[in-house]
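Following are the structures in question.
Each of the next two complexes has subunit A plus one more chain, namely subunit B in the first and subunit C in the second.
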Partner chain A sequence: MLAELLPEILLIGAALLLVLLQGFCGRDACAKLSGYISLAACGGALLLVSLHSGAGVERVLIPEIIKLDAFSLFFKLLFLTLSFLVILGSLDAVKRYRMGGEYYTMLLFTTFGMLIASMAVDLAVLYIAVELATISTFALAAFRKDRQGAEAGVKYFVIGALSSALVLFGISLLYGIAGSTSLTAIAEALGSSSGPVASLAVVFLIAGFGYKIAAVPFHMWAPDTYQGAPSTVTAFLAGATKKMAFLALMRIFIVALPGLVESWAMLFAVLAVLTMTVGNLVALVQSNIKRMLAYSSVAQAGYVLVAFAVLSSKADLTLAAGAALLHMFVHAIMKGGAFLAVAAAGSAIAGRDISDFAGLGRRMPVTAFTLSIFLLSLAGIPFFAGFVSKFLILMASVSAGGAYIALGVLLVINSVISLYYYAKVIRVMYFEGGEVHRAEEPVMLVAALVVSAIIVLYVGIFPESAIQLAKSSAASLFTP
Partner chain B sequence: MVAEYSWLIPVFPLASFVLILLFGGRLREGGGHLAVAAVGASMLLSLAVISHVVRFGSYESRGISWFGSEAFRFGVLVDPLSAVMLFVVSFVGFLIVVYSLGYMHGDPGVQRYYAEISLFIASMLSLVIANNLVFMFISWELVGLCSYLLIGYWYRKPSAASAAKKAFLVTRVGDILFLAGILVVYREFGTLNLSEVFELAPGVATATLTLASLLLFGGAVGKSAQFPLHVWLPDAMEGPTTVSALIHAATMVKAGVYLVARMYPLFTPESLHVVAWIGGITAFIAASMAVVMTDLKRVIAYSTVSHLGFMTLALGVGGYAAGIFHLLNHSFFKALLFLSAGAVLHAVHSQDIRDMSGLWRRMPVTGTAFFIGAWSLSGLPPWSGFWSKDEIMAAVHSYSTPLFWLTAVTALLSAVYIWRLFFIVFTGRESEQAKHAHEAPLVMRIPLIILSLGALFSGFVVFAGFGEFVQGALEHAPEAAEHASGSVMLLSILLAATGTGLAALTYYRPVISAARVRRALAPVHTLLVNRYYLDHLYYFFATRVVADSARALRGVDEFIVDGTVNGTGRAAVCSGRKLRLLQSGVVQDYASWVLAGAFLLLVIAGLIGGGV
Partner chain C sequence: MIQELVFLVISLFVIAGAAGVVFAQRLFHAVLSLALCLLSVAAVYITLGAEFLAVIQVLVYAGGVVVLFLFAVMLTRSDLQLRREPLESFAPVSAVLFGVLVLFYIARTGFVPQGERALAPGDVASVGQVIFSPKAYALPFELVGILLLAAMVGAIYLARRDERW
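Moving on to the complex of A and B:
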């Protein structure tokens, strides 16, 4: 069992080591050292997980509590990849924001929480793991010690607390019905009966996690927080922690509540329509790039929800769930990459308005170029990863037939709208004036950007293996 | 095994495209040397791959599949046909890029020029080695895009911009037919892999094959400027002369002929009949127009159209090897003619041949190059144009008598127009402009010399078994047309000689007065100068029929379509603004929204579940 948990042990060990380290060296030196230690820990964990993921064998580590399957491995891969990229990029950013080693400690704790959450098959464990991850992110979001940073942290925390209460309420209702917090036990107890209490539980769970995935109308905190937090943290929030809520939703609803699929899929459909449309429309009029990306994040969560809604159809469920997984992964990389690019641009540009990016194509060619790749991918242009995953979601909704096609059509319309605001940034960077002299590009951030861009292009051009991985990971959810 | 690396051939210029686009501004000559190096590398690799094909036969890679679909399995196919094309594209392309270093020197947009020309060559190379129709189509479209960009290179010049548009729109008609052809093939064969399609072809109904092959030929008609879609090519002279040379000799227009040759197993006797006649008609009308044009580049352009007609004709009448052979030879003498014409324009700063006269003394190297090109093109022995034209005529002879006489007349006209051009431009009394003419720089002269050698000697490959080699590209080769019988060969020489003589007597030693001939044949002359009124017809169609119906539709459009489109846009932005107002920034409001959302979900769940 220890062998399987080695990545987690590595992370928590590194996190504790960092805490100890604070007492032994000066602040700046400590920050630097902490950065490299956590990068190594994360990289090691990533390596271990990717070695595992080939096996594809399911292992119950603690019966009814923790289970390692393809689904959790997929998310571990996602979380660790993104943490790795964010830590890599932070090596530059930490200096600028004068952040200490505790920054990395928080990142490692969050990642650890997310890894545990990916394996939890018990509601209580899942809840605790999610909270562990979330609480550290509250601190991360408030890392900028100014008014905006404080605002970002407070809003995130207050709404987060409210949502945690909703989730906990939903969990307690399920416990009340089933007498157990184990997902499989709940599934057995509920069967296909859909009493009012169960419906209530579903509503609270969706509302509570809806906050974390920033689904409309639970999304209001996201733009403020994404704008106020340091860009590297925003990359992490948008890329990784949001996906943890998706993970929890998938695990709970598919494993524990398959009997209620009619009602929860309908709720997801409603949220999907609202989320896609509102997210894209509001993104159109944003002038701040981080807010624009935040709303685009909202819209992209709507696309995943479309795949969730399709789960109630008679169509190929692994296709729908696999499409959702792939889009989460792709979105993590491209959105994380976009925020990291904003962080990189921040070394030369003071403002965060889209108009401040004028001439970035010449000032910081690599940053501008990779940012363009991420934006094109977000818009869903062929040969970029975003196209592949969005196309899979579309395929899932179209093959489901009936009203699901309408969801697909709405997704396409929304994609078309979104192209406008993504392309606007590219136009500003390359075709508008501004200063022409070169600016130095932060090395580590650029490295993270290039790696992300390569992933985006690779998945876009050779999507088979990614699709295969996503589908087989999704399939492990449906086999009890 | 070197053939395994043939996929790298288009990668070099593609990389140069990306690099020049990104960093060309900081390189000397806008990255021209990088483009030369990349195309040169492609050429060397091509030569290695060609020698592999010559020694060991065709090579096909399994390729990589995109989207997990077999229909999108992209790989490389190098057989004798692609080998010939690889040679033409990379070798002639290389010489033209080298020549560009001199020709484009000092132009403010050279970075764009070299980036686009790299992409142009890259897409043509990938078209040639593609083993899949979709892959071919993507490359085909890229070729079209690049030609659009390069023809309109001097985009501030209105004529260049409109010529680019014309080329794009006209070839687009062909592209759509090509795409339709691909769809028919996919429906019928269930695969787009070339070898698989060829294998299945014998078992498919003739009517379907005819339909598919004619649609594919439609693509070739657009790209290779065949009648009635030939109108774009003469206008495409608005770009830099090097671009014209590249389009005419190595890349764009050869793509259509290549497509027909590539898809040859799909062509049925019926569709080949159409191909042959279209080719014959194109060859004739283009040659006749070339006789009366006064713009140096336009004459050569019409001659290209005419010779593409010859190639199509050859393929149509079953002279597969003859058509490819002519394609090879034409690349050399046409690139040579264009590049020497470019040197002339460079020196004289005018395109009108009436401004040029007696340039020989000032530009002996260019003059010699042009002379060799003209000799080869006119079909006089013993240089390259003679051998391939001869084979074509032999093939046509055994196919159809009326078509043969049409070809014979065209061959005569070929000699007339090219020698007319030579005599007017290079002989006679020195004109005012010619006095200031000077020879082109060395970097432009060397490609001319190499191309001259090609134009002189490429015809002799026929004795080295070229025909059998190219026939090897076909599984079921048609009967190789019998070698030129003595009488056909004699007639061909006679025609070329007569044409040359006529041109000499009119323009070198004016025994015949051109003006009087013109007066005597006034109606014909008017018809030709106005290009058979085809351009007028299209113009009329585009401006009147299309535009009038467009105007009629505009009313509908403005109200309904625009209303909807603009309405959507306006509504989107407007509602975006409205929705933003909900975002008050007050955390209490956010919390209320969360609860309101939870309530909303509750209501919906209640409606579904029926009881809460």
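Moving on to the complex of A and C:
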């Protein structure tokens, strides 16, 4: 069992080492050393997980508590890739803002929590792992101790605590029904009956996790938090921690509550429509690039929810779940990359308004070029990864037929709307701004950007293997 | 009958304490109301036969957390008057509506919560068995330890003044 948990042990070991380290060296040296240690730990864990993932293993580590299957390996790959990229990019940002080594400690704690959450098949473990990851990000969101950072941190903390309470209420109702926190035991106890108490639990769970994924009636914290947090942290929040809430939703609803699929899928459909439309329309009028990306993140969560809604149909469920998984992975890379590009631009540009980015194409060519790739991918232009995953969601909704097609059509309409605000940034970067001087681009951030851009292009041009991986990972969710 | 009566009285105290936290004008009173609320919850645990949990509740919450709050309030600004925004008119209405809805849902089904196992009164040993057995909740228990460490590191970072490095 310890061999399978090696990535987690590596991460938590490094995190504990960093906690001790802070007492023994000066601030800047410590931050630098912590950065390299956490980069090495994350890289090592990523390597271990990617070695595992090919084998198609399914290992029950502790019966009814944690399980290593293709689904959890997929998410581990997502979380570790993004953590690695964010830590790599942070090596520059931490130096610039003179942030301490605690920054990396919190990142490692969060990543550790997310990895455990990916394996949890018990509500107690899942809840605590999600909490572990969330609590660590509260401090990260407020890491720059200025006014905006404080606002970001407080909003995130209050909403996070509220949503956790809602989730816990839902969990307690499920425990009351089944007398057990194990997901399979809950599925057995519920059977195909949909009692009122169970539907109440569904409502609480969707509302609680709805806050965490920033679906529309629950999204108001996201723009403020994403704007006030340091850009590297925002990349992590939008890319990784949000996906953890999706992961928890998929595990709980598909494994424990398949009997209530009619009612929860309908709620997801309503949320999907609201989330896509409101997210995109509000993003249109944003002038701050981080707020714009935050609303675009809201809209993209809506696309994933479309795939969730399709799960109630009679069509190929692994296609719908696989499409959701692939879009989460692709979105993590491209949105994480976009926020990292904003962080890179921050070394030469003081403001975060879209108009401040004028002339970035000549000033910081690599940053601007990679940012354009991420934006085009977010818009869903062919030959970029975002197109592949969106197309897969569209395919799932069309093959389900009936009212699901309407969801697909709405997705396409929303993609067209979104093209406007993504393209606006590219236009400003390349066609506006007078004479500008070349600025030095932060090396580590550029490295992270280039790696993300390569992933986005690779998945966009050769999508077969990524689609296969996502579908087989989703399939493991349906086989008990 | 007598059990239900006791439960009703205790519940009234829980609700009164919770309402006091929300509506108290002075911070100090809010903290005292919180203590009332938490102690009454401990009483609920006793009526359910979970004595161990009740003791923990008193020790940790009423004993530790509330005292810590009181210290913080008294050491900082005990004269602090809370300014309250006038409540939006629809907020209490929707809260009451939601509460009625939940009550209606649960009452209509005759929902009887299932417990995992009934503990004999004062049976601390079996609580320990469940928490520390690797097949049960040992892993979440260890995770909570890491969670607390992460919360502590984060809190210390946020509370620390940077210049003192």
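By definition in this document, the second predicted complex is superposed on the first by the 478 of 480 C-alpha atoms of A that agree within 3 Å, B and C clash if a C-alpha of one lies under 4 Å from a C-alpha of the other, contacts with A are read in each partner's own complex, and residues count from 1 in each chain.
One rule holds in what follows: contacts are C-beta pairs under 8 Å (C-beta built on N, C-alpha and C of every residue); 3 or more make two chains touch, one makes a residue touch a chain.
Keep in mind that this is a model prediction, so the values were computed, not measured.
**Student:** So in the superposed three-chain picture, is A:P196 touching just subunit B, just subunit C, both, or none of them (first/second/both/neither)?
**Tutor:** Touch partners of A:P196: subunit B and subunit C.
**Student:** Given the touch rule stated above, what does A:V125 touch, subunit B (first), subunit C (second), both, or neither?
**Tutor:** second
**Student:** Have a look at where A:F138 lands relative to subunit B and subunit C in the superposition and call it first, second, both or neither.
**Tutor:** second
**Student:** Taking the superposition on A as described, I'd like to know which of subunit B and subunit C A:A448 touches: first, second, both or neither.
**Tutor:** A:A448 contacts neither subunit B nor subunit C.
**Student:** Kindly classify A:G179 by the partners it touches after superposition: subunit B alone (first), subunit C alone (second), both, or neither?
**Tutor:** After superposition on chain A, A:G179 lies in contact with subunit C alone.
**Student:** Between subunit B and subunit C, whom does A:P217 touch in the aligned arrangement: first, second, both, or neither?
**Tutor:** first
**Student:** First (subunit B), second (subunit C), both or neither: which does A:T105 touch?
**Tutor:** second
**Student:** Where on subunit A do subunit B and subunit C both make contact?
**Tutor:** 196, 199-200
**Student:** Residues of subunit A touching subunit B in their complex?
**Tutor:** 154-155, 158-159, 162-163, 166, 194, 196, 199-200, 202-204, 206-207, 210-211, 216-218, 220-221, 223-224, 262-263, 266-267, 270-271, 278, 281-285, 365, 369, 388, 417, 461-464, 467-468
**Student:** If you look only at subunit A, which of its residues touch subunit C in the complex?
**Tutor:** Residues of subunit A touching subunit C: 12, 19, 27, 62-63, 65-66, 100, 102, 105-106, 109, 112-113, 116, 122, 124-125, 128-129, 131-132, 135-136, 138-140, 142-143, 145, 153, 175-180, 189, 195-197, 199-200.
**Student:** Spell out the residues on subunit B that touch subunit A in their complex, using ranges where they run on.
**Tutor:** Its residues touching subunit A are 22, 64-68, 572-573, 575-577, 579-580, 582-583, 585, 587, 589-591, 593-598, 600-602, 604-606, 608-609, 611-612.
**Student:** Could you please specify the touching residues of subunit C with respect to subunit A in the complex?
**Tutor:** Touch residues, subunit C against subunit A: 102, 105-106, 108-109, 111, 113-116, 134-135, 137, 139-140, 143-144, 146-147, 149-151, 153-155, 157-158, 162, 165.
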